[in-house]
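One chain, chain A, appears in both complexes that follow, with chain B as partner in the first and chain C in the second.
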Partner chain A sequence: MAVYLKASSMVSAQDTLNRSDMPENLVNAENSALKTRPCNYKDYLPAASLRRMSRIVKFSLVSAFDCLNQLEDFTPDAIITSTGLGCLEDTITFLTQMHQNEEKLMNPSSFIGSTHNSIGGQIALLKKLRIPNLTHTQMEGSFESALIDAMMMLEDGEANNILVGGFDEITPETILLWKNMGCLSENEVNRETLVNSTNKGIIPGEGAGFFALSKNKDQSSKVKLCGIRIRHSYNGGLNVAVSEFLSEYDMKPGDIDLLILGVDGTPDTHTLLNLTNNDFENATVAAFKHLSGSFNTDTTFAFWLAGCAIVNGKIHPECCLKGANIRKFKHVLLVNSSKAGNFTFIYLNDDLE
Partner chain B sequence: MSRKVVVTGLGIISALGTGAENNMIALSEGHTGIASVEHLKTRLKDEFVLGEVKCSNDELKHLLGINKQLLISRTCLLAFHAGREALEMSGLKEDEIKSCGLISGTTVGGMDLTEQIRDFTTEKNLKKILSNHPCGDTTEKLASFLGIKGFTTTYNTACSSAANAIMFAARLIKSGRADRILAGGTDALSCFTLNGFNSLMILDRNPCRPFDQSRSGLNLGEGAGYILLEAEEVAKPGKALVYLSGYANSNDAHHQTASSPEGTGAILSMQKAMEVAGISCSEVSYINAHGTGTPNNDASEARAIATLFGPNVPPYSSTKSLTGHTLGACGGIEAVFSVKSILNQEIYAGINFTLSDEDLDISPLTHNRKGQINHVLSNSFGFGGNNSSLIFSKI
Partner chain C sequence: MNMDALVEELKVKLIEQLNLEDIKPEEINPSEPLFGDGLGLDSIDALELIVLLERDYGIKISDPKEGRKVFATLLTMAEYIRANSPAIS
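Our next item is the complex of A and B:
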């Protein structure tokens, strides 16, 4: 059964909101982190509620509503969100207040905002959507976990349309924490250093991506989502695991036109590059974490990028590690890895027949 | 494919005790687990009563055979106890456990460790402590402790987390995507949640009184509850305890933390769960209500039950009067109670109820009752208007 991607919206460090391709001009990390570009919240959210919302709630709602606004006849039957760490700013605010006030006279706002499902809840509340509303949180596999849930609901006839999204944030405190723990990249991370560097740390990032999925095809169906897999253990190496996954769709690595890898400049993700040694001989190889920054749900950025590549037939040269950046991208595979050694695969194509 | 889903294992740890047997003794005798604070290090110690698990972390580690020095969250330790018990009961072999999936709910993850850091700049164990923080890490540690290598993920939808985890597991099995999944939830008490609920002014300083006119808030509790779900066709002969026949999640879309006075979301989730189970209102034998003891939740939930069931309101009660509100774990803990109700053909009343709200002409069960128990409906409602219902049915 097919699941179609009807609309996408990405709020990131790059000027991706309201666009269906990567902007010409790219932003580099500042103070070793990639924060989301400020957006005009008032264009999307009721002014009266802005004051009580933390930054992640605001930029995630912007992404969700921008996605819904792109479609006229899309009524979601479920909202499935994902986040690795939830609303950190509010969590830290409440913890700090708790320590400073010695557990007295606490303000509940940041506690209410700190729950992982507060963004899913706000979407339901502001759009009056009395439908299933679920929040996955499985570190680097959070977004993939939500996608699996969404695909299942569509395939099993529990829903026709689903709004699915992922989000995570950084705060000055978390950047400092990364630094103190030696997890922050000591060097600039760019297209070259992603592949060759021996950085011990990463460029932390943040963002929110929301996607309208449907089992019905019409003129707004642009991309087909074929499959998602989270591999917690694998025998025989990553190449074998990828081939096994693709074979479920009668595909082999040589059929892939665009391979998007979650390389982040640390040796941990060099395993991913091994994929390109023998297999995937016909694929353009792309990377994204130097543009999005690393965060638990950063594959939302890659997912958005994959959709854009299929629709536009090009990717930004700065994403391109190998092969032509302007060509027809019919079959796209995303491969990401987690610190714990798990791998995630997402396969999309343009097969709209 | 549409397969029937059976429950073949139960595991629980709560304020009522360690293991299903101890919990059921307390439940049938009406012994409460809610008491003065003994283990949680909080300045609010003398102000509230809690449903603490009556073991220190060292005692929990000892019972599990874990090194005392190991830095690990209490949330994990609770999960290990309940997860292990559920797998033992199911009688799965090592290779069957390996291919089993795990879907867990939690709201705090490793917060009990994180909140002890007073100064992030001087803490020496920073990396180790914070690696326990993510909710997803709790689930990965549980999988690794039990030897589970199948699909593993976590829900955090506040107080309906475990119920949603069980629902997701059931959908995976029913549709043929998985054969066996351990599902449920875990949450340890933390100062973070205690202060959070206190700041919302929904905690009762005295033992909570679900559905009673005088109720004035909830008591927080902690624990873990997991059930092993299997496709009926792969379950070993004689191991199937009950069917998990219905499930649903909906949203109230009324307020961030409060439920609508009409209980719109609750009606939707109960109704949908009955549809999935293929049963009518008159067939529900008992409702294990969410029943936190807050004025708002209980009014909304009771109103929803009265509206939906009309003349057929089944007996209902809240076991949170004995366990406290265990947040992300309550759907798992109450799933164990619901299954036990069917197995024992007995429903449990909870305590501290005297009088219903004046505008309500229904009231909860006040004494344990033996009888024909065919279908039990279990409700779990969370912040963000998140409403979930599960239905367990006699085989």
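Our next item is the complex of A and C:
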């Protein structure tokens, strides 16, 4: 069984909020990172509640509410969120206070904000949604885990509609840590260097993506989400694993129109490029991490991008590594990877008949 | 520290501790209620104020009824601190 994507919203370093395609003008990394664009939080959130929210809580809630606002008759039966590292800014504040105050006199606000499920909780509180509320945290597989959970709930009939999201943030402290560990890219990462660079580091990014999924197909359905897989190991190579995954949907690599790869410019992700050596001969090949930055839930950006590509029949030229950027994208496959050597596959199509 | 100086200090600490982004110290009326009307603080703010009192003035409030009186206004807070804080002479 498949489920249907009805609305999506992405807050990222690019001007993606309140849009259903990539903006013409793109921004590059500043100070070796891609931070989310500032937005007017008061347009989406009660002004009185803003003072207690950290940046990630604010931009994630904006994404969630922007997604919900796009649909008039979508009442979620569950909220499933995901994050690799949670609300880092509040966590750092809380831990710093714990250290400075010798584990006494802790401030409640930063503790409340530091928990991974604070964003799911805030969505429920502000929208008065007394429904199942879950947060998955599986590092780079967090968003995929949330999607799998949502699909299972929809397939099992536990819910008709689910709001699914993923979010992560960067802070000055995390950038410093990455820099000291030699994990920051020393060179510019763009469309060309993604493929050819010998960078050892990445461009850290952040963002929040929220998606309205439904088991029911109707006029507001935009994309069909057919399947997701997280592979911790595979025999015979990545090509075999991808072919096995696609065969579950009676598909083969040659049927794919758009292949979105999580290449980040480091040799670690060059394995993904090898996918295109023999297979996927009919696919446009695209990348996104040079525009979103790398973060644990950056698949949200690719998922949003895939939905836009199917609906609009085009992707931004700056995403395109190979093939035509304007064409009908009927079958789309996302392949992302993690530092731990895991791979994730997501297959979507435009079959709304 | 005299009363006026303490009130001014509390205004600054209140804004900082409770992250009252849009409020300036001169806009806080020391005689106005802190909770409900006035500044419109809530129960999480009350916990923050209890932490502030203990951390910065060495005063521990454990009786909720006492807290209600102490945190009625900024002025009652200042009066309580002057009467009970070992840090304020």
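Quick notes on this one:
Just so we're on the same page, the second predicted complex is superposed on the first by the 352 of 353 C-alpha atoms of A that agree within 3 Å, B and C clash if a C-alpha of one lies under 4 Å from a C-alpha of the other, contacts with A are read in each partner's own complex, and residues count from 1 in each chain.
The definition used in the following text is that a residue touches a chain if its C-beta (ideal position, glycine included) is under 8 Å from a C-beta of that chain, and two chains touch if they have at least 3 such contacts.
Worth saying up front: this structure is predicted, and the values here are computed from it rather than measured.
In the superposed model, A:His232 lies in contact with chain B only, and not with chain C. Legend: residue contacts after superposition of the two complexes on their common chain; A:Met1 is shown touching neither chain B nor chain C. Contacts of A:Arg51 after superposition on the shared chain: chain C is touched, whereas chain B is not. When both complexes are overlaid on chain A, the residue A:Ile112 reaches chain B and chain C alike.
With both structures placed on the common chain, the touch criterion links A:Gly141 to chain B but leaves chain C unconnected. In the superposition on chain A, the chain among chain B and chain C reaching more residues of chain A is B.
Judged by the touch definition given at the top, the superposed model places A:Arg130 against chain B, while chain C stays out of reach. Overlap of the chain B and chain C interfaces on chain A: residues 106-108, 112. Chain B meets chain A in the complex at residues 42-44, 107, 114-115, 118, 120-121, 126-127, 130, 133-137, 139-140, 143, 149-158, 164, 168, 171-172, 175, 177, 191-192, 195-196, 198-200, 248-257, 264-265, 268, 382-386.
Interface residues of chain C facing chain A in the complex, by the touch rule stated above, are 17-22, 40, 44, 47-48, 51, 54-55. On chain A, the positions that touch chain B within their shared complex are 79, 84-86, 94-95, 98-99, 102-104, 106-108, 111-112, 114-118, 120-122, 124-125, 127-139, 141-142, 145, 149, 152-153, 155-156, 158, 173, 176-177, 180-181, 183, 230, 232-233, 296, 340. Listed in rising order, the residues of chain A touching chain C in the complex are 47-48, 50-52, 101, 105-109, 112.
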